[in-house]
């Protein structure tokens, strides 16, 4: 009696397991496989290899080198350009997003969204050449500015300098801010400003007590994302600088190409891991704040 | 002071658009002016554009970038649509995990990802250009996933699929002829976004030593900077026009109406 | 409490080509609760928003106790408003929300929080004062919104479909509570809704609006029993429209002649307007032949839907214990229980 039940129990349990697997996990398999192989695996391997010495023993020396010169300056410059380019673009971008979302009609909003998307995503190299043409020594914009009494090239300015890159970066940072900050504006309900007015608040009081407190977390979050974007930008910097401005992404690119040789084979991997850590410090808070403010929108 | 007075005269939206317009179009027009200069005669002409499109490589790389982007879009839709539909229907516990995974590429700088990719894949993967669409898929994933997720959230997915299933459609048919048409707005957005991103991707491509249209432009610039600028102008303006036209033609989803 | 009267004089408001309000007039007495009822797009919400100052009228005056406030900005008007939903500030706690109006009036912190707690007690939420609004249910949120609108002792309370986003049961409870509070505080109130049952249940007077015009404003009873227009008659409650002819001031309905109550120059072919509860269905012989299509049991009463030989569909509402043996498909006779009926032109 007992043995019969047990004999039947095993296949039943197996079938139940199969059914539950099919229902709960099977459809995720293609996604997990592809994502795992093409993303998680390379990142895991990158981290693993960054701890290996030239003869494949565990070591921290890659990281020790990574935080010394010239790589230390690379990190400082990259962080600086991330911070400054975010600081320059965040407020104007937020303001533009506010006016476009609250006063623009649907066609305008969609057109701006598309244009911002193109500028923020497909910028890169074409952007660099565009600025070379516009603000290079022979550029028309340079001539116009000179005519207006501002000679860009009277000092040490070049597009490959820190200031030059800041100008070019703002060209994708500002659209990026418009894209990522717009949802926060949309989630600001008209009822809130109307309720505030009804309760006796003038415009100033509404912004101080309600509007700014509601938008501020998103604003900070989006600024963090902009930092990460400026910090890790490669294409534009690669096309415009000529080795005069050490930036971590360019240093990694140089090591990867073999243009620069280092005593430690896995130094580039360690630099990559440090970049991931810095970038994560900005992007993870961004994601967390976005998720938290999504709660208000639901109810 | 003067600014404050102007603020009152100009409605804020008009002022915003004016400043944005100056910001975007002044460098662009200025670059355009540069690209039609002909040093030989000192005047203007389409010399560099003619040169660009008469280059055999021009169409070769446009073709290559286009089909790679097409494959990326295909991979994205084939993987994401069924996975997301299933996640939304089953309320599975792993939804949170997959949501989180889909955002992970935002955290990783592309340069670091490129280093990882270079040291990880077996040779048969590294030797085919088809590795690129899969990597582009990863780069586009945070945006593509979110866009489809929002689309699926805004429709009564459960009711729709149960209705289709009880009317005799199998899962494939349900997805193709019921679900995708209902969320076509966000599907189109996903396609546009993934396509644009793949078409313009430079960092990963160049670091993995592949040649596509964007990397070819930098190669051209070494010999013929004016030609490279002409090509850059085309590659900024053409997607601008196409995508703007496409979004204005697609009707806005009525679900996202604002009060 | 310093409640005031409200009057709207010849208000017009256009949105593009749409006339939201067309020479609109309304008087609300001190301490009175007046509901504005109408189909969507009839202008009722616009009227409320003009009163609140959230919309500027093109023409006409808004007066509070005889004083013209048409040009006063919204934040100086001293009116409390409850919105449809989602109007609570998500960055403030429940008590900070309720105290917001007093804060704007520079009442010190101690006093305004004390007042806020008093009001939260009135709406039964005093234990929730430290929570954030997204932790509350929809009904609780609207209670807080009500407390917030009343906390600074407004001259006039404005309710913009405050119950429409809630579940049926919560809705009934909350509307009773609104009425109870309004009566005890004596606040002059304007209540906009598309739900006639809601309007009838809580108001002193109900104004029915259509196309930006006030069709009729009267007590719920008058509105129901003596509608002044066909629109009001058919919008408020259910109304049968029975085709008949008028002659010598009488109409014949189901073989019985009754007095026709004319409002204008109705003559010849007309519709007699008869409420379902004024029609009886029975097997007793008569001239009102009909066939039962369905009978819906609704508790104390039942709704019987019949079709007459000429094809018109008639609804009759009868006590359930008189109609229990009537079944679909049965041939019956209809009788009218009134001796005068409203008529309207075909």
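We call the chains A, B and C, going by the order they appear; numbering starts again at 1 in every chain.
Just so we're on the same page, a contact is a pair of C-beta atoms (placed from the backbone, for glycine too) under 8 Å apart; a residue touches a chain by one contact, two chains touch by 3 or more.
Predicted, not measured: the structure shown is a model, and the values here were computed from it.
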item: Touching chain A and also chain B, the following chains; value: none
item: Top chain pair, ranked by how many C-beta pairs fall in contact; value: A-B
item: Farthest chain (mean CA position) relative to chain A; value: C
item: Chain A and chain B: spacing of chain centres that average the CA atoms, whole Å; value: 16
item: Centroid spacing, where centroids are CA-atom means, of chain A and chain C in whole angstrom; value: 53
item: Residues of chain A defined as touching chain C within the complex; value: 189, 191-192, 194-202, 205, 209-210, 213-214, 295-296, 298-299
item: Touch list for chain B against partner chain A, complex; value: 11-13, 15-17, 19-20, 23-24, 26-31, 33-35, 75, 79-80, 82-83, 86-87, 90, 92-94, 98, 101, 103-121, 131, 134-135, 137-138, 141, 192-193, 196-197, 199-200, 202-203, 206-207, 214, 217-218, 221, 225, 228-229, 231-233, 235-236, 239-240, 243-244, 247-248, 252, 258-259
item: Touching residues on chain A, where the partner in the complex is chain B; value: 23-25, 27-28, 30-32, 34-35, 38-39, 41-43, 45-46, 49, 95-96, 99-100, 103-104, 106-107, 110-115, 117-119, 121-136, 138-141, 144, 171, 174, 186, 190, 225, 228, 231-232, 234-235, 238-239, 248-249, 252-253, 256-257, 268-269, 272-273, 275-276, 279-280, 283-284, 287
item: Residue ranges of chain C touching chain A (in the complex, touch as defined); value: 52-54, 73-81, 83-92, 100-101, 103-105, 134, 138, 148-149, 152, 158
